[in-house]
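What follows is a pair of complexes built around subunit A, which joins subunit B in one and subunit C in the other.
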Partner chain A sequence: MTAQSTPTNEEIAAVVREFIARLSGHPDIEDDWPLISGGVLDSIAAVQMVDFVERTFHVEVTDEDLELLNFDSVRGLAALVTRRVAV
Partner chain B sequence: MTPAPAENTVKCVVWDLDDTLWDGTLLEGDELHVPDANRTLVRVLDEHGILQSVASRNEPGPARDRLRGFGLDKYFLHPQLGWSAKSASLRTLLDVLNIGADSVLFVDDSEFERAEVARELPEVRCVTRERLHELVAGGRVLPRQVTADAARRREMYQAEGRRRGHEERFQGPAEEFLSSLGMTLRVRNATEGDLDRAAELTRRTHQLNTTGITFDRDELAELVRDPGHRVIVAELDDRFGTYGTIGLAVLSTGPDWTIRLLLMSCRVMGRNVGTALIAALARTAAAHGARTVAHFRPTDRNRQMLVTYRFAGFAVVSRSEDRVVLTMPEDRIPAVPGYVRLVTEDTATVLSGPTQEVTR
Partner chain C sequence: MSTTAPEAVLDVLRGERFADRATAWERAGAVPREDVERLAGHGLLGMTVGTAHHGSDLPLVDVTEVHRLVAAASPSLHSLLVVHAMVCHALRRWAVRETRDAFLPELATGRVLAAFALTETGGGADAGALTTRIDRDGDTLRVTGVKRWLSFGQIADAYLVFGLTAGLDSCALVDAGSAVRVEPEPRTAGLRAARLARVTFDGATAPAARVVGRPGTGIPFVATSCLTLGRLCVAAGATGIAQAALDLAVGHAATRSTGDRVLGDHQLVRGLLADAALATESAIHYVRSAAQEVEDRTPTAAVTAARAKLLASRAASGVTATASRLLGAEGQTENHPLGRLVAAARVHEVIEGPTEVLQDIVATALLRDQGAAGKGKQR
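Moving on, here comes the complex of A and B:
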């Protein structure tokens, strides 16, 4: 990740997908799989996801961002990060 | 002269076999006999949450067979049978049981063996079986209070060992692993017998703890009696056995039901049962016509509980320096995840969902 250019949603999704694949043991994560409501990840993993996106993309995840919708799928998480990096 | 144990800090008793647990020497073909006093003591120690093991120089196979024959094998964790020095056996036990040398009593009839252990592990207290019986009779070994969880300590330890084996062998995604455990979460109002464990949980639980408020036994007893409060405990079992009492919630029950404290033991870290517990609380509140409110006080370790609240559907309504107040919208009471069966005491009429629910 270079600091100069803002990553695209597709680039963010790729990074998130790879991280979640590692975290969950699912090699082929689909972007709209329900990760938390589907039991693929637990709330510990959710906290790890928060840490991961904050470190990797240099964004802050606020308490308000802790909506299930933002963390329940690769798509949701990539969308959240995309909104944050654009600011 | 062996120093007597200080306050009752014994967590584990390690027995020699020949002429200690039983009379006679296995290798010499003696007729072996376990004195009734020993048999009783093994059971009493077990019921008081004191772990036990064996360190014996013997052929492992025959020694194990005899323990089984006497019906005592289940009481001894990781029996150390073989030809190594007793101090080496004790070191192994300290390691696998994760306990300190100063919490171990080693019982052996042989002065030589006691001296060898005392030399290598000076903190381990080495006694004869006669001395062990004296110490117990003198009130120097057993804890004064035994929580229900402590009384099940050995069983819980064995269950955890089987569970870990299953987890290590398990191939497949996380949700299938959770389903494979066959978990049952029992949520009920606390009674007198739960209070010591509940107070202990408020002192010991930091990570999975929403507000960090601590209560002692008397304060909890008062809250149990107070019609304006509820103290609720949760126990978790799975097909390997019980995890014991692993959850506690303290609610004030006015027009809103406010969860002042919600905590879960780190024993259930990764079991993802927080949502089920929150669902049970919110459904109970709804059954009483109340809205569910929750407090959260951030520390540097408990963000996971805010995540749990938020993902369970709680919305933030106010925030001050040291407290977040959340409410559960009435139409967003979470479903109980499919991998855990929820059993509640007084809310069966409002419980519905994919899981089987039972009244007691």
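Moving on, here comes the complex of A and C:
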């Protein structure tokens, strides 16, 4: 992924999936696993995940994005970032 | 009220008048509101608030330097700075614009003092253990529950409360008022003047716009990001305590005669001083680099802040213990500055996560990075 080209949803999901796999210790993470509500990530890891997404994709997560659904799965996160990088 | 350059804040803190006042607070067991407001006039409460909201928006490296100086003089006032910074952070990052615009200027200038209401009798930062309720009723939030050990809870005008909304962890800013009952907690050694309070919310109401974050993100995002900043600030405070104890120890070793030699001529004493100095200095350096990480929001920042707090609070414990032995009976006397530092160091190993909780956070990250974390390790 480069700063010049807008990444696709699949590319974003792949990067997020890899990071969360490492963060959670679950290499076989699936895109619809409930990361926060299901306890896959502890709260420190949840904040790390937000910081990672912001830095990697140059987006800012604001209070309006804070619906749990946006963060509770690889799919939700990838969708959020996809919407944001398209703006 | 104007924004203030860090130098001006540092000048105030380095002045003798501040040290005398701090000593008076700790002896009296309370930092008076007037003194807090006077210091707020020098910009002490607005360091982490943006300039658009009348703060000075200092880099965190500079903020930690201020925290270091404040904690060395008054661990109690320092605890106000810590909770205030945490509340400002929560609003700045996670509150809706209306609440940010209404409260951040008031917090930055000290017209409103805020307390961080997370801890309950049955637990701290554990969403599963929260019993406080933040019920939503149309456009109104209704808060019911009891919060414990709130720094400056006795004189706070607003409380950042964590609780459950329809079973999900949530957070809201609630004003002090008739449905909020405030009782002093017993004075705590090391934080004697921190105005600790037990606060009962008895159906206290707030407009819906005062919700901070969304239900389900109150602990993992709001509280945890606040605690990251809080741990960094506590770490900075601990380095101030360590430095103050080191200064006392070196001063004593250089001047105290035993027979025909000064204490500092003894090899064992020199070893203690060298170790204490390196423990202090390495903690100061680590806190500085951690501050940069938190500022940059690196993905490792939350763990680094936990590491900084672990390192610095233990340095403070170790160095104050060393100073305590070197100063002998003199250092144990009532009202000796060292006694305050020893007690403060002990408190710093407890607040914003005790040593063992932080060790767990640090080790969890290490093991996770190795892909070796057990799957049972889920909180």
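Here is the rule we use: the second predicted complex is superposed on the first by the 87 of 87 C-alpha atoms of A that agree within 3 Å, B and C clash if a C-alpha of one lies under 4 Å from a C-alpha of the other, contacts with A are read in each partner's own complex, and residues count from 1 in each chain.
The rule is simple: contacts are C-beta pairs under 8 Å (C-beta built on N, C-alpha and C of every residue); 3 or more make two chains touch, one makes a residue touch a chain.
Please read these numbers as outputs of a predicted model, since none were measured by experiment.
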(request) Considering only touches as defined above, state whether A:Val50 meets subunit B (first), subunit C (second), both or neither. (result) both
(message) If we overlay the two complexes on their shared chain A, which of subunit B and subunit C does A:Glu67 touch? Say first, second, both or neither.
(response) both
(request) Name the chain, either subunit B or subunit C, that contacts more residues of subunit A. (result) C
(message) Per the contact definition in the header, classify A:Gly25: touching subunit B only (first), subunit C only (second), both, or neither.
(response) both
(message) Applying the document's definition of touch, where does A:Ile36 land relative to subunit B and subunit C: first, second, both, or neither?
(response) both
(message) Give me the intersection of subunit A's contacts with subunit B and its contacts with subunit C, in residue numbers.
(response) 24-26, 36, 39-47, 50, 63, 66-68, 71
(message) Show me the residue ranges of subunit A that touch subunit B in the complex, using the header's touch definition.
(response) 24-26, 36, 38-47, 50, 63-64, 66-68, 71
(message) So in the complex, the part of subunit C that touches subunit A is made up of which residues?
(response) 93-96, 125, 127, 168, 212-217, 219-221, 223-225, 228, 296-303, 306, 361, 364-365, 367-369, 371-375, 377-379
(request) Enumerate the contact residues on subunit B facing subunit A in the complex. (result) 172-175, 178-179, 269-272, 274, 303-304, 306-308, 310-311, 313, 316, 319, 324, 337-339
(message) Quick check on the complex: what are the subunit A residues that touch subunit C?
(response) 19, 22-27, 36-37, 39-52, 54-55, 63, 66-68, 71-72
